[in-house]
Structure formats: structure tokens, C-alpha cells
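Per-chain residue numbering starts at 1, and chain names A, B and C are given in the order in which the chains are listed.
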Amino acid sequence: MRAPKFWGTLPGDGCLVKLVLHTRRLFIKVVQMKLSELAEKTGSVIDSGSPDVEINGAAGLDIAVSGDISFLANPKYTPQIADTNASAIILNNDAAITRDDIAVLRASDPYLAYTRTLRLFHPETPIAPSIHSTAVIDPSAEVAENVEIMANVVIGRNCSISSGVKIFPNATIYDAVSIGENSVIHSGVSIRENCVIGRNCTIHNNTTIGSDGFGYAKDEAKRWLKIPQVGRVVLEDDVEIGANSAIDCASVGETRIKRGAKIDNLVQIGHSCTVDEDALICSQTGLAGSSVIGKRVILAGQVGIAGHLTVGDDAVITAKSATSHDIEPGKVISGIPGFDNREWLRSTAAYRRLGEIAQRLKQLEKKVLGGDK
Amino acid sequence: MRAPKFWGTLPGDGCLVKLVLHTRRLFIKVVQMKLSELAEKTGSVIDSGSPDVEINGAAGLDIAVSGDISFLANPKYTPQIADTNASAIILNNDAAITRDDIAVLRASDPYLAYTRTLRLFHPETPIAPSIHSTAVIDPSAEVAENVEIMANVVIGRNCSISSGVKIFPNATIYDAVSIGENSVIHSGVSIRENCVIGRNCTIHNNTTIGSDGFGYAKDEAKRWLKIPQVGRVVLEDDVEIGANSAIDCASVGETRIKRGAKIDNLVQIGHSCTVDEDALICSQTGLAGSSVIGKRVILAGQVGIAGHLTVGDDAVITAKSATSHDIEPGKVISGIPGFDNREWLRSTAAYRRLGEIAQRLKQLEKKVLGGDK
Amino acid sequence: MRAPKFWGTLPGDGCLVKLVLHTRRLFIKVVQMKLSELAEKTGSVIDSGSPDVEINGAAGLDIAVSGDISFLANPKYTPQIADTNASAIILNNDAAITRDDIAVLRASDPYLAYTRTLRLFHPETPIAPSIHSTAVIDPSAEVAENVEIMANVVIGRNCSISSGVKIFPNATIYDAVSIGENSVIHSGVSIRENCVIGRNCTIHNNTTIGSDGFGYAKDEAKRWLKIPQVGRVVLEDDVEIGANSAIDCASVGETRIKRGAKIDNLVQIGHSCTVDEDALICSQTGLAGSSVIGKRVILAGQVGIAGHLTVGDDAVITAKSATSHDIEPGKVISGIPGFDNREWLRSTAAYRRLGEIAQRLKQLEKKVLGGDK
């Protein structure tokens, strides 16, 4: 159930504004927008409904309220159109709609247009430049003027904190870390020595960047001798890392997450890995050391990638799968170990009857080979 | 090996008390109790042994010491009865016992009776109302009088902290969070904006509540455009969340963990999920977005649940299994993807011989179809 | 790409030293060393090259620069020898090399010799004894003189912190915790009541030691009744735990990680488990309660171990596998549930063709049994 909204009218920038309670960005002016303006800003066109309809928010079909705009991207949810309280809906160019009491926008990608709509209604909170009195910042750190550093943040020697950076409470930045413009570091995050965070990155709570890689050699007494882990982690620009994830530094050299890659919660990135641009790594996936994940690769939830291998650009590895071999670009892979997804679907279908299959084979052997089997 | 105990006699409430060192609740008076009283308070009956035997503690058969009471729930551990040092044991109504030097209590559910016994010997430590001088609490937060807020806790604007709440050091409570009566927040926990924590909840260390859901739309340049995540997380009453878990907020709307649900360590709950009452989610399990986990469902360790599906009430998904389809109430499911547990057991048995099965099929083909295969 | 190095000459202990920027241990003097000295200290012998060649660092073949020493342990990387910029290489006694512009050391275990080399070039940073003014240390805690306790660390009642201990910012040490000599606790770590950390242990960021085990009994109303978790966790000497892991305390008794065991990131260790000496547990592996992991066992990434079982000494469980049964010493196990690795390899090979196998069986049945099938 959606949280109630309470409305007020405040002076705005040429448009009505409202106060929204119980959303993440409290006390922010949220734009109220005419359908025509929304269409223009999201790259969609009005198919039906008045261009002057006022839209107050955006939400999924099931939880939208009157005044909201919603969307249909997956035909599975078509039945929800009949029941939605939304005042407008974004559809693709082919989708039919029988209701005539809802304004309709058309877009080639309704999900993308909806995302742009949400972003209009929920702009990022601007930072409130300030450094809390309880923050502990080493005098050797270079901190730009326009930053927001909250309570109990600790920043080590020779760090560089750029303009627009926001660091939430109880985060720890070790020595010689560099954080690029407009990046957001949430509470409980630890960033270890010498790591580099690019611009417009977001690191969610309790994530660790740059912990030691897991490397040991076995000595003559069969005990583990630690291999020094003195490399670093580099996040390029526009990288987002979820909560409670761990990205290890390289032993020597670096672990690199390239521009635009997105990493979910509870993900493990081993030492010396490279995650290329716009890759998407879902929750609880793990990469062992020195692997390379290509551009726009999607690793679904709980995937495992062994060490020292390459997943080619645009490949997809489906949930709970694993690979210990290189994956060619563009392939869709499933299973443990992973192979072609279509073959895997056939195998899983047969697997459900594997007990019966074994039984049938035995029967057949009896018939063909006689009773000796 | 169990930690040694040192005894002392302190004024008590009509019964002997002792000091226990090396247990989690130091310096707490722990009740010493006659067998008769224990039986009464745990819903069990004395089968043999003096009602006046004094019991000092409770522990498993293998580590119990003289003066302890133990239990047998799983017949697998029956042999341990011969060797245990316990002075008393809780058995179900059918279990035989040959030793006559141990007092015997009978209960229909010995595990439950043992749990009640442990709870008698280890009552919760009452809070010591206080706010540490290093805690940073926004003046707009409403904080009840009877709370214990420890060092370096940070509490944001417009929060509401109810009576009996205990917050351990270095926890971070973002703006507009509400925490219900008698809830315990451990060190390193982060609770993000607008989340609601019910009464009698416990959140263990370094867990994140309300981090952004993992949602992006692909734009025309094949880059990921972030979908705003402005919803919240609601934990209803009596919810317990383990350590280092992450529960994401909804994009719009809420993620809800209902009354009495228990979630273990390193669990991922995706945005907009609902976990219904008394569900049990074991360690390292992950839920993608918008799924519904029914009442009393048990998800064992390392389970994966795909998005937008429903697991019916009382269903069980066994360890390391996954589902991308709805699960009917009461079903027991195993495998990747999951299917009926009994069928899965047959399939796994055959799978161990699959190499041989394939070989036998080939032989049979040769025999039937001739040498051309 | 490896970070650039800037050199300087500083007074040293009878050998040249250098300053290394962009490595984890800033501003540390790093020894420059003659090949002869390196050979001696790593137990290797010079096969070719001048004993007086000066070596400045160590790195993998692909990223080594001139002046570095590298190594070859896995023949897979032999082709990299042709392209490496390293000035010296450690090879085993059999490996051939055609380049004569690289000095060659021979060692029976090049990986171990390389590890020792790296350790020579990157010695541990000595602690800078100090207690930061913002640390909150209960007066009842015993803290040795020679410790480094950083900003916002919180240490509870009756703790014991030994000489040489280093605690990074925002770590929380609950009551009655003992930390042995020379152990390192990274930022964001929580160590719960009564836990014991041995000597020379390292615990990486945001890890939780001693959170409550996940134990509940179902009551008559089918609700979960919490089983008190009042035991502790003991880490013996030389244990290393990665980032964002969780090790639960026992209900009664203890969870024990024995001497020299190494545990990676995001690992779950359930209550009352024992991990024996020199075991190696890789990332995202989970142990349910009361299991025993033998000496030198290797659990690869994302492995699952059910409760109350024993994995024998020197056993290996490969990545993403699971077991719900005891494993004999020395076995190599794969699959869910796990069985002999060689059999599993045969089964996985057949599994890729399982759809086709089922189809062929059907054809054969038709042929043998007639068209009725």
C-alpha cells in the first residue's frame, strides 16, 4: 500500500509544487506537471487524454493513485490496467487499451519513459554543504569546499574529496583515497587505502571497497602464507555499488570497475578483476580473482565466476549459474557449470523426470538384453 | 568446551541466583531452579528424579555439565545420552532411557520445552536508560525517555525512537525513521530514510535496511538509467534480521517484512518484496524484486527466488534451490529450477550415475540400431 | 595497468630503499635487493643472470615492469613470459625458458617463493601506538600500552586489548571481548560480547563476529520462539577473516575457528561450528549450525554445508557445491548434493546432452516396444 500524501502549495519555478510525506526525499519540492510537458520530457507522445491533465506522481499500476501516471512494459501485467487508479499510462505503440478514462502516452520503450518520469518527480536531493563537527578529517586530506560530510565520518591522510561529494555518517575513508565529484558514500562504507572512486558514483551502506584479496601460498608445513595485497580498487565514473558488498584490491596492480557498471548488494568481486562498462551484476554474485567481465554483460543473482577467465561483451549468465570457462560475447549461459541457455532448458526439463528416465532405460535393457541386467 | 562458571550467592527473588562468567549476558542474575518449577514453567512433567533437584543451566547433551538440563529432539543423538554429564533431560513421551542417574522430564515437544528452559536461565538484559554523550541526535528527532543509545550512534531528522529501544554503537539512523518499542539495533546497522521498524524487533550488526533497490532502465545508448528508489521498508513487530543482510526499499511503495518473520545473516531482500508472517529465511538466501513469501514459508540456506512471484503459505524450499515460478502453498521444492522434493531426490540419485546412464544408452542403441551409431 | 613508481634514495639498513606511491603501504621504505639476496631469502637458486642484479619489486608476468621479479606457477601462463617486462622470473626446476635477457631463479614451488618475495618488498606497516581522542573506551577495559586505536572506535566493559593490536575507525567491540597480540581489526567490524580473538588475527571491514545464531523453536501457535544465543566465538591465532562476513556465536558453548584458518568475504559461519586448523573457506560459502570443517579443508566459493555434519581433513568441496552428509577425509566433492568430483564431471558432461538423451531413449523405446509409447 502506498504511503498517503499531503498536499500544499508552495512557491515554485513556474509550476505547482507539492510536499510529499513518507517518501525518501522529504521536504523536497516535487514538480506537478502537465501531461504535455511530461510527454515532451520523456520522449513520448499523447495518444489520448487532455494535454493539460495535471500529473502528480508516478507509480506501478497496482499502487498508483489518482493523479499518478503508470506504465505497462510486460504484457503479463495487462490485466492490472482494468483496476489501476492511475490517471495516465505509458504504453508502447502496439498495446491496446479499452479504458477511455485514462490518458495514454505512447513510447517505444515505456519502461524507459516511466523511468524518466520518475526521475522528473524525484530529483536527487542537492547536497547541503557542511562538515559535521564530529567528523575526523586528517589535516593532510584535500577536501573541496562544496561537500557534505556527516557525523563521525573518518577521512585518512592524503585523501582527496572533490566538490559535490556527500558522505553519510560512520563511513571510513582510509589513507590516500580519492573520491570524484558528486559521488555519494553511504553510512558504514569502508574505502581502503589508495582506492580511487570516480565521479557520480554511489556506494551503498556497509559496503567495503579495497579489502585484501584472498591469496595465500601453502608453505612447506602446509600452512597458509599470506600473499601481500598492496594493489588498489578503481571505480570509474557513474558506478553504483549496492549495500554490504565487498570489492577486493589486487595483490599488485588494481581491480577496476569501469564507467557505468552497476553492482547490487552482497556481491563479491575478487582481486584483480575487471568489470567493464555498463555491466550489471546482480545480488549475491561472486567473482573469483583476475576475471574480466565484458561490456554490458548481465550476471543475474547468485552467479559464480571462477578465476582468470573472460566473459565476453553482452553475454548473459542467468541466476544461480556458474562458469569456470571463458564465455563468448553475446551468449546466454545457464547451469553449473554453465552452457547454452536453450540446451540447459531442455536438460532441466528432462532432469525433472530423470528418475523415471533411468527406470525406463533399465526396463529397455531388460527387454533387449534379457533378464541378466 | 563450555566456559567455566563461577558461583556466588546474591539476594534473589525467592530463589538462589548465580553469577555466570563467559556468557553473553554478563553480571546478570541467573535463576537457579528446582526441577518441579522448571517442569511447570516449560509445560513438561517429571517422569523420574526428585522434584527438588536444583538445575543451574541448560545445554546440549554433548556440552552439558553437572547441574544442567539437556534435551533430546532428534533420535540421531540418542547415543549421546549415555555420555552426557547433564543432571536432567527433557524427552518426548515415547523416548526410552536406560540411565537412572538422570532426572527425566517429558514434553510433547522437547525442543520447545528446552527453548523455554534456556529462556528462563538467560532472560534478556534489561536496558540501562541513557544516551551517550557522543551520540549525534538531530534536535527534530522524538526520542522517548526510556531508551539506551550508545556511543557514536547517529540519528537523523524527524526520527521517532520509542521507549525501551536499545541502539548499539556506530549505528546510523537516517532521516524520518521510526523505531518501535523495545527494539534492538546492533552496531554498524544502517537504517535508511523513512523506514519503519516495529516493536520488539532485533536487527543484528552491519545490516542495511532500506538501501536503494537495484533498478535501471537501458537508454538509447545502452547505458543504465537509474530508476529512483524512493519507497521505504517496513518491519512489523517481532521481526529479527541477522547480521550483514540487506533489505532494499521499494522504488515507489514499500518492502514489507510482516509480524514474526525471521531473517538470517547475509540475506538479500529485493525491492517491493513482501515476507509474510512467521516466514523463516535462512542465510545467504536472495529474493529478487516484488516477490511475495507466504506465511510460515521456510527458505533454507542459499535459496534464490526470482522476481514477481509468489511462494504460497507453508511452502518449504530446500537449501541451494531456486524458483522462477510461483510455488503452491505447502509444497516442498528442491533444485535449480525447483520442483517437487521427492521427484528431485529421485533425480539427484540418478544424476550421480548419469555418465554411466548415457553410456548404457549408447550400448543399447548399438545393440538395437546396429553399429551405425 | 600498474601504478607508476617514483623513486628516491633514503638512508636504509645497509641497502637501498625507495618510496612507492600508489601502493597500499604508503611512505614505507621498501627494500631494494640484489638477486642473490632474494634467492637466499626465498629458498630459491640462481639459474641464470647476475647475482648483483637489483630487484625493486614483484608482480605478475602481465603487469611486471623493468626491475621487477615475476613468477610462473601455472603452465597456462607460459606465453606471457615472451612479453613480460620483468627483469627476473622464478620458475620451477623443470620449466624451460628461451629468453636470455631475464634472470632466472629456480624454486621447487615458484608460487611460494614469489609470495616470500612479495612479503620482503611489502612488509607489514608497524603500528603507530596511539589512542585517538574520539575513541570511546570503557574504563574497565584493559588496554595494553602499545596499541593503535583509531577514531570513533568503541570498546566495551571488561575488554582486554593486547599489545600490538590495531583497531581501525568506527569498529565496535562489545563487552568482555579479548583481542590477542598484534591482531588487526578493520573499520566497521563488530565483535560481540565475550568473543575471543587470538594473536596475529586480521578481521576485514564490516565483518561481524559473534552475532546471534539463527535458532528458533516453533510454539503451539506456529510462531517462532527465539532460542537464546549466549555462547561465544573464539578465533585462535593466525586466523584471517575477510570483509562483510558473519560468524555466529553458539547458543550455549562456542563457535571456534582454529589456528591458521582463513575465511574470505561474505562467508556465513553458523552457530557452534568448528573450523579446524589451516582450513580455507572461500567467498560466499555458508555453514549451517554445528558442523565441523576439518584441517586443511578447502571450501571453494559459494559452497553450502548443512548442519551437524563433518567434513574430514584435507577434503575439497568445489565451487557452488553443497553437502548434507559427512565427507570423508581427502575426498574431492562436487555437485548439489555433492559426490565424487570425477563422477560429477562425467555427469555434468552428460547433463549438457540430457534433452537429447531423453529423446534418444524415447526413439529406442519406440523401436523396441513398438509405436505405443
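Odds and ends about this structure:
By definition in this document, contacts are C-beta pairs under 8 Å (C-beta built on N, C-alpha and C of every residue); 3 or more make two chains touch, one makes a residue touch a chain.
Just so we're clear, the structure is a prediction, and the values are computed from it rather than from any experiment.
The touch graph of these protein chains is complete, with an edge between every pair of chains. When the CA atoms of chain B are superposed on chain C, the rotation angle comes to 120 degrees, reported as a multiple of 5.
Homomeric contact chain A/chain B: same residue numbering on both sides for under half of the interface positions. Inter-chain spacing, taken between the CA centroids of chain A and chain B, is 27 Å. Across the assembly, chain B contributes 134, 152, 170, 188, 206, 244, 266, 284, 302, 336, 351, 353-354, 357, 361, 364, 368 as residues in contact with two or more other chains.
Partner chain A is touched in their complex by these residues of chain B: 134, 136, 152, 154, 157-158, 170-172, 174-176, 188, 190, 192-194, 206-208, 211-212, 214, 216-220, 222-232, 244-246, 248-249, 251-254, 266, 268, 270, 284, 286, 288, 302, 304, 306, 308, 322, 324, 335-337, 339, 343, 346-347, 349-351, 353-354, 357, 360-361, 364, 367-368.
Residues of chain B touching chain C in their complex: 1-3, 22-26, 57-60, 63, 76, 109, 111-112, 114-116, 118-119, 121-122, 132, 134, 150-152, 168-170, 186-188, 202, 204-206, 240, 242-244, 260, 262, 264-266, 278, 280, 282-284, 296, 301-302, 319-320, 336, 348, 351-358, 361, 364-365, 368-369.
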